C-alpha cells in the first residue's frame, strides 16, 4: 500500500537544517544539564554549555600540526554535519519529505557508512599519534556494529515489504515495529550511539587516547566536529521514528508534531546514556558485535520474514 | 536537460578523480580520490532509475576505501601517504592499457547501434534488471554469497600466523584462548 | 563592539584549563581541580583544547622544558599561571581570567605567533617529541627525511607476525590522568606497544623518597580515591568519576568517614558488570592480579599492594608490552599507586 507523501521543493532543506540544528542544540543542552546535575551545580549553568562552548571555540584560533594533511582533515571534520543533514533528508515529517526515494532505507545506510570515511579522515589529518589511533579504533568498532546495523535496518523493510520510508510508516498503522521487532531496535540504537562517536561507544574520542580525533583540533574545526556528533545523534533518532516508532502516528497532534516529539525523546534517551556506562573498548566490543549481536539480529530478521510470508 | 547536466558533471568528476588517483603522491589521497570516482559512478546510476544498485555501489565503495586504509597501514613499508611517492608501477604499460581500454569502451558505447526502445520502461527497473541477469538461477545466486564469504574467512584463517592450535592448545581443549589481549566474549 | 565583548565574556566563562602537576604537588593539583569545577570551567585533555595552562607546584628543569613546548601548542587566546601552594590556586585562576578577558592584548600576542609549526631542519637532533605530539626519533645512519623534516620510520616484526613500521613515542608527562613526572618511552607498531622504558623526570633517585610519608590515614584514603578517579576516567565511566572526586574532596576536608567513603565507591564498582568485563584480564601481573583486582585493592579498607618506586620501573614495561595504547594507559593508571608505597600503618595516627 503506497502512502501519499508530498515531496517538497529543495528550498525546504533550510527548514530541515534549522530543525536538525535546533534539536542537536537541545541535545547538547541536555548533556550540559546532566553533567551539571551530576557535579552538583545548578542546571541552568549546564544548559548554557553549548552556547558557552560555541563562543569559546569561535574565539579560539585554529591550529595546525607539522606536515598535516589539511584538505583531508577539513573534509573529515566538516563532513559529519553534512552527512547528518543528508540522513535527515529522507525522514518524512508527517506528510512531507525532502527526498521520496524508493530506497530510503539504503540511503540511510549509505550515509552512515560515509561516517566511517569521515572519522578516519579526521584522525588521519593532523599527522599525530593519538588522532590516528582514534581513527583506527573507530574503524575497528565500526566493523563490529555495521553488519548488525544493516540487518537491523532490513527487518522493518522486510516487515513492510518495501524499502520506501513512507511504506514502512504505513505498515505500522496497526502495531509499531518497536513492539514486535525489539532486537533490531536495540541494535539500531546502539549503532546510532556508535556512529555518533558518543558515550560508551566513543573510542575515537575517549580519554584513554587523550581525546583521540579531538586531541589536535581547536577553534572552529573543533566546533564542527563536536556539533557534527550531536547532529548525527539527531539524524539517527529522527530516522528511527519512521522505521520503528510509527512515524507521525499519534492522537490529537498532527503528524509532523509527533515526529518531532518522538525524535526529541529518543535524542534525550541517547544523550542520557553517555555517563552511565563505562566505555566499551573496541578490542572487547568486536567479539560482542560478531558473536552476540549479529546472530541475534539474524534471528530477528528470520522471525520477521516468517511473519511477513505467513501474513502476506 | 537537467539530467544531461547532472550526467556530464558526474562523468567529469568520475574521470578526473580517477586520474587524480595516479597523480597525487599520497596514499590516503589516492584512496579517497578513488572513493570519489566510485561515488560519482554510483550517483550516475541513480539517473537510470537503478536506485538500489546506485546506492549500494556508493555504500560498498566507501566502506571498501575505509577498509583499504586499514590495509594501507598494515602493509606499507614506509610512512604511507605522507612521503611524496610515486603511486604507479610499470608506468608506461599502465598508461597504455588504461587509455586503451577507455578508448575501446567509449567507442563501443558511442558507435554501437543500440536498439530503439519500443515500449514504456518498467516501473521497477531494479527487479527487471535482476530478473534479466539472474533469471531462473536465483537460488544459485543467493547461495553464492554466503559461500564466498565463508571462503574468504576460511582463507584468512588458514593464512593467519597464529592458528587455532596456538590459541586453544594442541587438543583444542583450552577453555579461554591464549591471546595477548582477550576479546569480549572469551572466544 | 558589544557583540565582541559578549562573545569574549561568554567564552571566558567556560574556559578549559590544562592542569599540570609537578611531582610532589598532589594537594595543589586537587585544589586546582576543585577550583576549576567550582567556577564552571572545565578540565582540558590536551593542549589544543586548553585556554589556561595551570602549573601546580614547582617544576624541575626537565619538566619546565616540556612545559615550554606545551605552552607553544596552546592555540590563542591563552594564559599561563603557576600555583605553588593550595592557597594560591584561586588567585592564579583569577589572574588567568583577567588575562583571557584582555582581548586587545590577546590579539596582539596572536598576531606575533606564527600560524604553522616550524619545520625540522636538523636531522641529527631529536624529532619534535612531546607528550601529546607525534614524534619520530632519528636513527643515526638514516638520512632520508620525510615531509616536515621528520625522519621516516623503519620496519620491524610485530606481535601478530606482520612487518610494520616502528614509531618511537614518548608518552609524556603532560597527559590526562597520567602519573606526574613519568615518561614512558614506547616503540609502537600500529597502536601496539612493542617495547617500553620508564623515565622519571627530575627524579632525585633517592630510594627512601616516599611521597606518602607525610599523609594521615584520611589523606591516604583521599589519595587512593584520586588514583581511582584516574583509572575510572580512563575506563570512561564519568558518573562514578564525579562521585569519586566528591569522596576525595570530602575526605580531604575531613568531612566524612574514611571507611564509609571507600565502601560506597567499592560497592558501586563491584556492582558494575560492564566495568568488570572491561577491565578483567588486562595487565595480569606476576603476582596474579589484573587491572580490576588492582582497582578493588585501591578501594579496599586495607590495601595489600606495596611496591617501591624501583619495582614500578621494572614491572611497568613488561606489563605494558604487547598491549595497545588505550589498554596500556589503563594498566599504567592501575599501577601508579604502586609508587606510593602505602605503609602497613600510615604514618601519623592523627592530624599532620
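To keep things simple, chains are lettered A, B and C as they appear, and every chain counts its residues starting from 1.
In the analysis below, a contact is a pair of C-beta atoms (placed from the backbone, for glycine too) under 8 Å apart; a residue touches a chain by one contact, two chains touch by 3 or more.
Remember, it's a predicted structure, so these values are computed and weren't measured experimentally.
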| item | value |
| --- | --- |
| Chain centroid nearest the full-protein CA centroid | A |
| Pair with more cross-chain C-beta pairs in contact, given A-B and A-C | A-C |
| Centre distance in Å when chain B and chain C are each reduced to the mean of their C-alpha atoms | 43 |
| Mean-CA-position distance for chain B and chain A (Å) | 25 |
| Chain centre separation (chain A, chain C; CA means) in Å | 32 |
| Touching two or more other chains - residue numbers and ranges from chain A | 67, 127, 136, 280, 283-284 |
| Numbers and ranges of chain B residues touching at least 2 other chains | 73, 82, 181-182, 184 |
| Chain C, residues touching no fewer than two other chains | 146-147, 190, 277, 324, 327 |
| Touching residues (chain side chain C, partner chain A) in the complex | 7-8, 10-16, 37, 40, 45-46, 48-49, 51, 73, 75-77, 110, 115-117, 119-120, 128, 132-134, 146-150, 167, 169, 175-177, 188, 190-191, 232-239, 242, 246, 272, 274-275, 277-278, 324-327, 329-330 |
| For the chain B and chain C complex, residues of the former touching the latter | 73-79, 82-84, 161-162, 180-182, 184 |
| Complex contacts: residues of chain B adjacent to chain A | 26, 28-29, 32, 35, 51-52, 55-56, 58-59, 62-63, 65-67, 69-70, 73, 81-82, 181-187 |
| Contacting residues of chain A [partner chain C, same complex] | 35, 38-41, 45, 49, 51-53, 55-56, 58-67, 127-130, 133, 136-137, 200, 202-203, 206-211, 214-219, 222, 274-281, 283-284 |
| In the complex, chain C residues that touch chain B | 146-147, 152-153, 155, 159-165, 190, 277, 281-282, 322-324, 327 |
